[in-house]
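Before any comments, here is the structure.
Order of writing sets the labels: A, B, C and D. Residues in every chain begin at 1.
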Amino acid sequence: MSAHVHSTFRRIMPQLIILIAVLFLNFLVFPDFFRIEFQHGRLFGNLIDVLNRGAPTALLCIGMTLVIATKGIDLSVGAVMAIAGAVAASLVVDGHSWQTALLGALAVGAICGLWNGVLVAVLRIQPIVATLVLMVAGRGIAQLVTEGTILTFVNPGLIHLGAGTVIGIPTPILIWIALGLLVTAVVRKTALGMLIEAIGINESSSRLAGINSRVLIVSVYLISGFCAALAGVIVAADIKGADANNAGLWLELDAILAVVIGGNSLLGGRFSILASLIGALIIQSVNSVILLSGMPPEFNLVIKALIIIAILVIQSPTVKHALYILRASAEPLPSDPIKEAKESPQ
Amino acid sequence: MRSTHLPLLITIATFLLAYTLCASQYPAMLSTRVVANLLTDNAFLGIAAVGMTFVILSGGIDLSVGSVIAFTGVFLAVILRDTSIHPIAAFVLVLAITISFGAAMGAMIHYLDMPPFIVTLAGMFLARGAAYVLSTESVPITHEFYDTLQSLYWKAPGGGRFRLTGMIMLLTFLTGIIVAHRTRFGQNVYAIGGGLSTARLMGVPLAKTTIGIYATSGGLAGLAGIIFSLYTSAGYSLATVGVELDAIAAVVIGGTLLTGGTGFVAGTFFGILIMGLIQTFIVFDGTLSSWWTKIVIGGLLFGFILLQKGLTWATTLRRKPATEFAAQS
Amino acid sequence: MASATEPVLECRGISKFFPGAIALDAVDLTLYPGEVHALLGENGAGKSTLIKCLTGAYRRDAGKILLDGEEISPGSTQDSQKLGIGTVYQEVNLLPNLTVAENLFLGRQPTRRGLISQRKMLTMAGDLLAEFGLRINPAEPLSAYSVAVQQVVAIARAVELSGKVLILDEPTASLDRDEVQLVFSVVEKLKARGLAIVFITHFLDQVFEISDRATVLRNGRVIGTRELKNTSQTEIVTLMLGRQLEDRIQDRAPARTGDTLIELKDFGKRGVMEPFDLTVRKGEVVGLAGLLGSGRTETAGLIFGAIQADQGEALLEGRKIGLGSPREAVAHRFALCPEDRKNDGIVGDLSVRENIILALQARQGWFRPLPKAKVNELAEAYVKALDIRLASLDMPIRLLSGGNQQKALLARWLATNPVFLILDEPTRGIDVGAHAEIIALIEKLREDGMALLVASSEMEELVAYSTRVIVLRDRRQVRELKGDEITTSNIVAAIADDTMAEAV
Amino acid sequence: ADLTIGFSQIGSESGWRAAETTVTKQEAEKRGIDLKFADAQQKQENQIKALRSFIAQGVDAILLAPVVATGWDEVLEEAKDAEIPVVLLDRTVDAPDDLYMTAVTSDLVHEGRVAGKWLADEMAGAKCDIVELQGTTGSSPAIDRKKGFEEGIAGNDNLNIVRSQTGDFTRSQGKVVMESFLKAVGGENICALYAHNDDMAVGAIQAIKEAGLKPGEDIKIVSIDSVPDIHLAMANGEANATIELTPNMAGPALDALEAYLADGTKPAKWIQTESKLYTLKDDNMAIYEMKKDLGY
């Protein structure tokens, strides 16, 4: 067990270090960054904001990690968020309870995931294009539901999901942590994780070993759709309205970025949801630096791009290998299996 | 003719069929105006898509093109406003910048072993951010050289104007076709797309080719930016958001596989025309609401992919026993 | 013969370390012009690694390489190609998406006014392939041709590239006799032209047929170099294994076949395999013989559900079963060790341990993970039983040498405790020692009452373990040989007979 | 004869724009006009394509809501050659004014100025630190409304913009950015919020409430557009002022077009719509009820 904890820790070590570095950057631009107070029945502070505002990306990257592990990608999550938010809002506006609205939205998200999954696993359309279809059309579907307006609602139950607190902690934080733990537990305590990795590494071999790759692939897209729907509901609940045009706009890119910053390969295979979640927090912390720095907004993108490039370069296999050599120069192991293997075709 | 030319023929056939259908509903679609518009309006997209075709043929992706186009426009507008250099010099300068930008991304992809998706995503943020820093406002370009270039067109009977920009796009496609099929660089692009490690063992110069591919894409995005600035006589940092996805869609509709290694530059040309046709048709129809427009575009994209899939499937089925064993990673 | 002349290529003290393994330890190798030099050794001895260090595919950690007396240091395969070293790597390394001609001339295309001349390239390709007895359309994509054809194309390409040295890493593993002869005749020609040729294989007959000298590697060290004229096979084997290979007792325990296990009726798929009937009993090894492309792999794939049959039915112990997918087959305790281990066998990035339990876990279902202790126990047991050479069970399987990967795959299927085991080319790329062990294993499994179906191109091997041999041709079953009929010559005759019959 | 008019709309990126589309369609229907609607998905190139297609199709007139001011000369010239009158809606362009018939717009700078003036009057010399939620970086409303507001408060040393960041015109970004303002500056130190549109203000109001402050009292809120939800907030005393940008640009535009096509009367080059200021003195609940079905 302790060996397991140890190896997990080693896996997420680089991400943790980067997170701490970026948080420290926050501290430099805003010295009160780490202060957390209990105000008006809720925890209040920048750190809480990072956790809270990171919720949509964090939720998306749970599903995205699994999809990417199977060598796929899901570009439609932003659009699915919009659809789910619209469905939830229109259900409560029509007088249904928030539970019904939530279930409805999640079901719709799952259906969207199913559609993507079938396109990828059964029709064998390449994931990028397969999900591009829903990315383009999904926002239209969401607007169809809201008829182009921002559909506002006042249902307190639904609003609580996005803007409420539980014992002082904003609900979205609890939701993404809970879902992250749940999915991690499910894939790691069962054989699912290994089977998903096997598919991502070599689908043909996996199928011949008796793995039901189709169903598994459909499932990961389904989970991704589900996560996106949950994120969509939270985002809508947060502003008490479904904004079909803007909800989750370009958030798929953040989610993919989070997965990559989490050290997961876009080529599929080995994955760590925990590391992806830290990746999501890193992205949110970068956003936080930008907001707190008080720089004019035209610099936002340049700052974000430069920080991200720095992070990615540090994490790239080549640089990692160089660091490994540096660290290992005292030890007898002269080279890194990852790098060497890259050179080998077999 | 190689059997692999089939997807190309199919794309062309699809375009002709779709055009006939559209024309039968709206005879005005046959006017020279529509034909000229297809060329002029899609010139910048077409040029960017040529670069994207090379990137995708090599198994990569370039998400930065939309931002690079916007950056180019802003850069030109600002430099022509603030200095007195001649536009041609400005063009050369901006092409040098975008080519180096692309080359830098290629170098990161190759030497740092990072996935293209992520490198070019960061490039997309950076280029757009740089455009913002140069100017958030839309800057008009008033140089008379621009007027000269814009006045270069041939007015066909029926009112269609065949402009210089459309011709530049055609020229780019021609060059692209020749480079892809008749040069070593082009062959190396296909080789890398067929399998990176195999290409390495076969002695393909990976560094040179990869950097070349992204430099090409960056340079063509720069050229597309110049064309776009001619098209709008301005530079605007919010322009051409998401154009990379349009370019990718055009490449895919044109029959190039995103996994790399198979496809044709010429196919992309028809992919562009098909997308332009879809848009023209929607405008001619004029009854779709904002959201139905999106849904219909998505639906048509799906339709084309499905059609292409079906045809590939039908053709590979014929020789399945032969291909199955040779499938390489 | 060649000793008087200066060496073309000299390796001095080449070393290569991998984490947990020393793949090469100060290896010396000297090549003279006009010689065929065999590089021999067990699986994992370091042969392929040595080649890759030579051609610049790997960075070597120590040592010098001299070409014509001058020190060279190829940093990439491109460099070594320029220096006149042509190489065929262990797995076919060509690009399926390019045409045959493009593959042949990649990087050296004939140009006219700066542009590649397709027409000229096609003519040149046609001429080149004709030398190898291949009459195929070089304008077709490579993927349209079989592995064997591709292998020959790869050899042709390497020959074209080799001004001084030609390296062939197990080039004959997927070729049958006629094609091997063709390759050898080309090698003879090149040898006469003064090239130095390195030849790696596990077929000792072929080594003695074509090679002049042999260098034997064991555990990354050179054990010795011998003039083959004055050496016996036994001596070479002893050098390779570090021990003598006991002669196997040829008379097997008589086939005590049990009840019928599986019965296929009118089973087949249009365009892939003509419908056939097949019955396999418990305790029986059915061999599948035939030429390349005769349909052995297809037969195996059909039975395992990897290729979906479109007609016929399957009975397992008298009950009708469906074989629509490998998953169904695995559920019925079938197992298939595939021919193409790189693409259909290993899951490269997963650890050896995970690869071994993969099929068992897949059968158990997603939600019943095998307990850790059980996993370790299984993996360790099989590593020991099959003598898989590895640094650690946690290393990704793609880092194992080819032969050891093959053994790990075998372990994967044995771990599922199958009732019916299908082996497609089980000994491909496996060294002599392991070869004998695998044959012994097949024997043992049969004696334990398992039913086996083994497809192989090595007739001696089929003769050694089969209780029945089915001969295939052109995707049809043409003969069945039983008991004493099973001899190499009968199999060859069966194939030839049929050819004759066809011709009439 | 039946008129066919092409309408090139930017997209449906905000509630206001959706309302403009709805109103335009209603106005066209009222007059029996065949309206060809083209949504450009926020892209200028799509608008140019749409215009060219309209010309090829031979429509009688074109309504254009330009996404950006520059870049229209070429295509407008083509329309002129084809003798198709073009009317600009809600934003103008940087082209010679003989290339279009008229522009029906509000004055974006003026809107910002009204907002600034209102705040200056409201504070009446008291010291006030203002935070600003900008629109999408680079968009003309963001640039002009910022400029107008700065003009409006110019000369009042008591008024200072202490933070200014983009909220992308959306509710959720408005909320997120306001949250960070509240922490970076301290809620008690912020006296007023100026948002470039109502949607961001609505998001910011929620952030202020969650921080335990009273929007409208602790922090004065002024924004632009006059969408229904801000009137609801004003009715609840959670926002203080909004400046109306009417979604009915098509009404005056079509009036002018019909007059021109009937007897050739040329309208003025600029038909300015009113930038009406609404404050807590108005009956905001009634306005909300009136507006809420307009498709915002």
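Things to note:
Keep this in mind: a residue touches a chain if its C-beta (ideal position, glycine included) is under 8 Å from a C-beta of that chain, and two chains touch if they have at least 3 such contacts.
Just so we're on the same page, UniProt names per chain: A = ABC transporter permease; B = Sugar ABC transporter permease YjfF; C = Sugar ABC transporter ATP-binding protein.
None of these values were measured; they are calculated from a predicted model.
Looking at chain A and chain D, the chains in contact with each of them are B.
Chain centres here are means of the Cα atoms, and by that rule the chain farthest away from chain D is C. Computed centre separation for the pair chain A/chain C is 43 angstrom, with centres defined by C-alpha atoms. Chain B and chain D, compared by their mean Cα positions, are separated by 34 Å.
Separation between the centroids of chain C and chain D, computed from CA atoms only, is 71 Å. Residue positions of chain D touching 2 or more other chains, listed in rising order: 11-12, 18, 21, 137-138.
Shared interface positions of chain B, i.e. residues touching 2 or more other chains, are given as 132, 136, 197-198, 200-201, 289-291, 293-294, 327, 329. Within chain A, contacts with two or more other chains are made by residues 143, 148, 202, 204, 298, 300, 343-345.
Pairwise chain contacts present here: A-B, A-C, A-D, B-C, B-D [touch as defined].
Chain B contributes residues 61, 108, 111-115, 117-119, 121-123, 125-126, 128-130, 132-133, 136, 197-198, 200-201, 245, 248-249, 252, 257-259, 289-299, 301-302, 305-306, 309, 327, 329 to its touches with chain A in the complex.
Per the touch definition, chain B reaches chain D in the complex via residues 26, 28-29, 31, 33-34, 37, 40-41, 44-45, 132, 136-140, 150, 159, 161, 228, 231-234, 236-242, 276, 279-280, 282-291, 293-294.
Those residues of chain C that touch chain B in the shared complex are 57, 76-78, 80-81, 87, 89, 92-99, 102, 106-107, 109, 111, 114-116, 118, 139-147, 150, 157, 161, 271-272, 297-298, 340, 342-343.
Residues 2-4, 178, 181-184, 187-188, 190-191, 193-195, 197-206, 261-262, 319-323, 325-329 of chain B are the ones touching chain C in the complex.
Looking at the complex, you find that chain C touches chain A at residues 17-20, 48, 52, 57-59, 61, 89-91, 93, 304, 306, 325-327, 329-331, 336, 338, 342-350, 354, 358-359, 361-370, 395-396, 398-399, 402, 412.
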